[in-house]
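The next part holds the structures, each set out as C-alpha cells.
Each of the next two complexes has chain A plus one other chain: chain B in the first, chain C in the second.
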Partner chain A sequence: MKGQRLGWAPYALLLPSLVFLAVFFAAPMVQAFGLAFQNDAGNWSLESWRTMFADAQFREALVTTLILIVILIPVQFVLAMAMALVINARLKWSGLWLYIYAIPLGISELAAGIIWFAIFTQQGWLNSILEGLGILDRPYIFLNYQNPAWLISAVVLAEAWRATSIIMIILVAGLQGIPRDFFEAADVFGATSWQKVRRVILPMLRPSVQVALILRTILAFQAFAVVIALAGGGLTVLSSEAYRWYSDYRDSHVAAAYAGFILMLSVVSTILFLWLLPVREEQQG
Partner chain B sequence: MTSIARDLPAAPRVDREAVAARQARARRRMLGRGLLYAAAVLLALWVLFPIYLITITAFSPRDAVYDYPKQLIPGTLSAETMRFFVDAEGVLGALWNSVLVAVVTLIFSTLIGAPAGYALARFAFRGRDAFRLIVLSTRAFPIVILSIPLAVSFIEWGIYDTIWSVALMHTALALPFTVLITSSIFISVPRDLEEAALTLGCTPATAFVKVVLPLALPGLAAASIFTFVLSWNEVFAAVILTLRERTLPALVLAALNQSPVPFRLAAGWFMLAPSLIFIFVIRRYLLGLWGRVSR
Partner chain C sequence: MAEIRLQGITKIFDKKVRAVDEVDLTIADREFMVLLGPSGCGKTTLMRMIAGLEYPEHGRVSIGNRDVTDLPPRRRDISMVFQSYAVFPHLTVFDNVAFGLRMKNIAKAEIKRRVEGAAELVQLGPYLERYPAQLSGGQRQRVAVARAIVMEPAVLLMDEPLSNLDALLRLNFRAELKRLVGELKTTTIYVTHDQVEAMSLGDRIAVMREGRIVQCGTPMEIYDRPANRFVGGFIGSPPMNFLSGRIERSNGHLQVGLGDQMLTVPATLGGRTAGEVLVGIRAENIEAEAAPAEGAIAARTEVVEPLGSHLLVTAAVGDQKLKIQARTDFPARPDAPLWLRPEPDKLRWFDPESGQEIDAR
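This part shows the complex of A and B:
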C-alpha cells in the first residue's frame, strides 16, 4: 500500500511540527527548569523557590487558587451537565440552544472579567437590580478589597459563566457517543430520568468527564486576567504572582519558580483525576 | 400485541386502566418536556443576560455609564463610549497588532500543523501513537511556564516586543489543536476518493489538491477560525512578550486598573463581539472539533 511506497512521507509531514514543538515547547520547558533552579550568577540553587515560599503573597495566592478550583469545578460540572442533557434531549431549535451555550467558548477571560465587573461594580447592574427589587436601599460595594468572599464569588461566577461551554461541548460529544439503544432499554425497564442519568449516562460518560475535568482544572490553575479585571490587586492567584514577579520585579527566576509550581499542581491534579475516575480499557474512545 | 389486547371486548376494565396509565405517562412526558424547555430557556438566559447588560452599557452615552440605578431598557443608545475607546491612545494600533498576530498564528499553525494532521489521518507508521501522545500531552503544560523563558529567548534573538514573538508563542499554543483537529477533518474525507484519483493517474500531490482539499476545506476553515479566536483572546503571553507593541487584550489588561470605567466596558464589549460571530459561523463544527480533540 501507500505506506510502503512512500515510507518517508509521514515523517516528512510530521517534521515541521516536531521541529517547531522542540524549539517553542520543549526548549522553553527546559529553560524554565533552568531559570527556576538557578540564581542570577547561573549556579544551581533553590534560592528562587525559597524566595517564593517565603513571599507574603505566596500563601494567599495558593489558597485563593485552590478555593477557586474547589468551588468552580463542581459548579461548572453541574451546569455543563444540565446544558448537555438539554442539548441531548433534542428539543426544538436544538442548534440554537447549542449555539447560545457555546458562545462563551469564544470569549476571553479578560472580556468575561470586564462583563462581570459591569455587573458587580458599585454603580453596576447587580446593585441596580437589587435596589429595584427593594432588597437593598443603597448600593453595596461588592468588589471591596476588604471583602475577599465577594471578590472570590465574583471570580467564580465570571469563570463559571465563561468556561462552562468547553465542558459542555466535551460532554455533548460524549453523550452523542452513547448508543440510543441504551436509553431505549432503560425506558423499557421503566427507569426514571434521574435513574437514567445516574445509571446510564454518568457511567458511559466517564471518559469525557475525565477529559473535561482534567482540561478545565489545568486551565483554572492559570486563571489570571479575570482576577485582575474583577479584583484588581484585591485578590491574587498563582499566575498573577508569576506575572508580578516577571514584570514588576523583573525577576524571571522567581517567576519561573511560580510557573514550575503551577505545572506541578497541574500534573498532581491530572494524576488525581486519572486515579479517582479510572476509565476501563474498553471505554477508551 | 397491544393493539389486539385493546380491541378485545372481554376486558373493558383492563382497557380503561391501560388508557389511564397511558394518559398519565403522556402527561408526565409533557411535564418532563415542559421542564426541559424551561431549563433550556433559563440556561440560555444565564449566558445571554450578561452579554445584553454589557452591550447596553457599552452603547450608552459616556456619562450614562455612571448612571445609577441603571435601567434594563436603555433610554438612549449612542456610540459615544465606543468612539471614546477606539480613539484612546494605542487602541487602534493594538487592534491592528491583534489582527496581525492572529492571522500570522493562523498561517503558521496551519502550514506547520495540517501536514502532521494529514499524516496522522492517512498513514500507519511507526511512532504514530508516540507522536499523538506528545501532541496531546502538550495541553498539560500551562502557558505561564512557556511565556517566561520564551521572553528571555526572544530578547536574545532581538524579536522581543514584536508581533512575531507573540505569533510564535500563539502558534506553539495552537499547534497541538491544529494537528488533532486537522487529523480528524482529514479522517472524515473518504479515503476511497483519494485512492480513485490515484488510480486514475493523479500524483499524490494533485490527488490531495484536487480531491482531498476541496472536501476538507469547510472543516479547515472552521479550525482556522478557532485558531484565530484562540490568538485573539490570549492575554498572558501577549502581556509578557510585549511592551509597546501590545495586542488589544494586552493593552487593555496593562491599563485596566488605571483606566476609566467607560473605557473598560467598551473594551470588554469590543473583545467579546467577534466571538459572537465566530462561534455562530463554526457552530456546526464545534462538536466535531472538540469532541474529537478530547479523545
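This part shows the complex of A and C:
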C-alpha cells in the first residue's frame, strides 16, 4: 500500500468509530471531570478532591486496589504465559485447551463473583468438600469481615480465573505471529526451555506483553463486581468507593473525583509500562 | 571426526505423506554433501531429522559414531543456517552471533574473540552493533552463517541459504561459501533445489525424489552418468535430451533406429537385442553440421537461441525434439536442415518403462 494515494477513504472508514467514541466515551468523561472539579453550587472547586483524600475509606480502598494489582498482575501473567506456551506447542488437543481456557471470558464479571461466592460461602462447595473429606468438622467462614487476607485471596482467585484468558489470548496471538524458525534456531543453538522463553520468546513477544499488561492493569484498577459479590462491604476498592459515594451519599462530585483518580492511575501505569518495556522499531523483525 | 550415518530414515506426515522414505546415506568426515531435488521432495525434512527438529518414524541417525536419534538438537553438536535465516530481530549482530556460545556459558573474552573472528570471515566486522532490521538481506544471510560457524560444530547444516538472495549476490556468495566451508573443513550438509549450486559446491550430491535418494555421487558422475531419466532431466541446463528408439539387429551388429535413421551403438546394450530403448545425450555432446556427413543424423532446425558463449539450437529428428549446443559461428536458421553427430561414448541408454539406466559399457 506504500505510496498509494488513499484520499478521504480512511477517514470515512474511521468516522463511525470516532463518533461512537466521542458520544459514549469522550463526552461522559469530560462531564465526569467537570463534576469532579465543581461543588454542589456549580462553582469550580477542589472540594470533592479534598473530601476524597480526607475520607477514612480512601486509604484503605487505594491500598487494597494496589495489593490486588501487585498480586494479580504477576500471577496472571505467569499463568497466561504458561497457558499460551501450552497452546502454541501444538501438542495433541491444544486446540481444545484454548476453548477450555477461554470459557471464563464468556461469563460476566458479576456472575464470576457469584460463582466464587458459591464456592467460598459458609455452606459453599469448598466447605462441603473439606467436610466430606474429614479435613474440617464444621464449616469455616472464609469470607469473614474480620479476615481481610482471606477476602483478598478469594478476590485474587476469582479475578485470576476470570481474566487470565484475556491476557492469554493476547499472548497466543503474539506467539502465533512469531515464525517457528526462531524457536527452532534457539533449540539448535543450545537454549534450554527456560532460556528459550527468557532470551527469545519474551523479547520477541514484547509488543504483546506490553498490550496485555496495560490492558490488565487498567481493568484491575476498575475491579468492582467481583469484589462486591465476594466481600460485600468487607473489602473496599477505589471503584466501590466511587459507587458508594454515588449511591449511598448521593454525592456525584466525590464519586466523579474517584473516577478521575482511577483514570489518572491508569494513565500513569500505562506510561510506566510504555517506558519500562519500550518497543523499539529496529528491534522488530 | 564427524561422519554422519543415516539408516532407514522414514518420516510420515499426517499418517500418509511419506516425506522421507527409507533413506540410507553415509556422509564422510569433512565432506560437503548436497541434498538436491525438486521442491517438496523431502530435503528439508531429511535435514531437520539430522538436526533433531523432526523425529523419524523409524531409522537411526548417528553423528561421529554416536547415535543421536533420541537427542534434542542442542546435544547433537550441530549448527544450522535456516532458509529464512531466523536471525533474532531483538539482538544486535554481535549478540546474534554470540547466542549459541552464551548458551554454553563460554567465558566473555573468548566469546568476543570468536564472534569477532567469525564476523571477520563473513565480512560483517563493521556491523556488529547493528540490529538485523538495519541490514540488507545479504548481510542478514551472513549473520546466519556467522552464527552457525562460530560454534565450530561437528556438523554444519544449511537449508537453501542462498535462495532468498537476488541472482548476482547468489553467484558471489556461492563462491564465498565454497571458500569458507573449504577452510573450515566441517562436515556439511547443504540443501538446495538449484542444480547449478549443487554442482558448484558439493563434494558429492544426493539427488532426491519423492522422499527417496535416487542417486548419490560426485557432481561429475551424476552429470555424466545419471542413474535414471529423472536425474538426467533434472541436472544440467538444458536438461539431457531423451529420444526413444528401437533396438534392431542387422548383420550381427546392434543398431538403434530413430524413425528411419540408424544410430550405431555399443557392442552390448545390457544384453538387450530387441524392443524400445531411450537414448540420452547432452546438448554439448552433439556436434552440428550444416552439410550431410557420414554417420550423421538428419534433422531440422526449429529454434535458434544465441546465448553469447554459444548457440542453443532446438532441432527435430522425425517428430522428436532435442537441444544442441553449437558454436556461435554455426550457420543456424529456423527450418534449415542440419546434421547431428553425437559423441558415441557420451550416449546413455535408459529403459523406457522404468527410466533406469542400462549399463552398456
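What we mean here is this: the second predicted complex is superposed on the first by the 259 of 285 C-alpha atoms of A that agree within 3 Å, B and C clash if a C-alpha of one lies under 4 Å from a C-alpha of the other, contacts with A are read in each partner's own complex, and residues count from 1 in each chain.
Definition applied: contacts are C-beta pairs under 8 Å (C-beta built on N, C-alpha and C of every residue); 3 or more make two chains touch, one makes a residue touch a chain.
A quick note: this is a predicted structure, and the numbers were derived from the prediction, not measured.
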Between chain B and chain C, pick out the one touching the greater number of residues of chain A. B
Check whether A:185 is in contact with chain B, with chain C, with both or with neither, and answer first, second, both or neither. second
Pick one for A:206: touches chain B only (first), chain C only (second), both, or neither. second
Output check: A:97 vs chain B and chain C. Expected answer is one of first, second, both, neither. What do you get? first
Could you look at A:195 and tell me whether it touches chain B, chain C, both or neither (first, second, both, neither)? second
For A:267 in the superposed arrangement: first (chain B), second (chain C), both or neither? first
Chain C-contacting residues of chain A that also contact chain B: 284-285
For chain A, which residues count as touching chain B in their complex? 2-3, 6-7, 9-11, 13-14, 16-18, 20-21, 24-25, 27-29, 31-32, 34-35, 79, 82-83, 86, 89, 91, 95, 97-111, 113-119, 121, 123-125, 127-129, 131-132, 139, 161, 166, 169-170, 172-174, 176-177, 193, 207-208, 211-212, 214-215, 218, 221-222, 224-225, 228-229, 232-233, 239, 242-243, 246-247, 252, 255-256, 258-260, 262-263, 266-267, 270, 284-285
Partner chain A, residues of chain B touching it in the complex: 32-33, 36-37, 39-40, 43-44, 46-48, 50-51, 53-54, 57, 66-72, 111-113, 115-116, 118-119, 122-125, 127-128, 131, 134-135, 138-153, 168-169, 171-172, 175, 179, 204, 229, 232-236, 239-240, 249, 252-253, 256-257, 261, 264-265, 267-268, 271-272, 274-276, 278-280, 283-284, 286-287, 290-292, 294-295
Footprint of chain C on chain A - complex, ascending: 179, 181-182, 184-192, 195, 199-200, 203-204, 206, 281-285
For the complex, give me every residue of chain C touching chain A. 51-53, 72-74, 78-80, 82, 84, 86, 88-91, 99-100, 103-104, 131-134, 147, 151
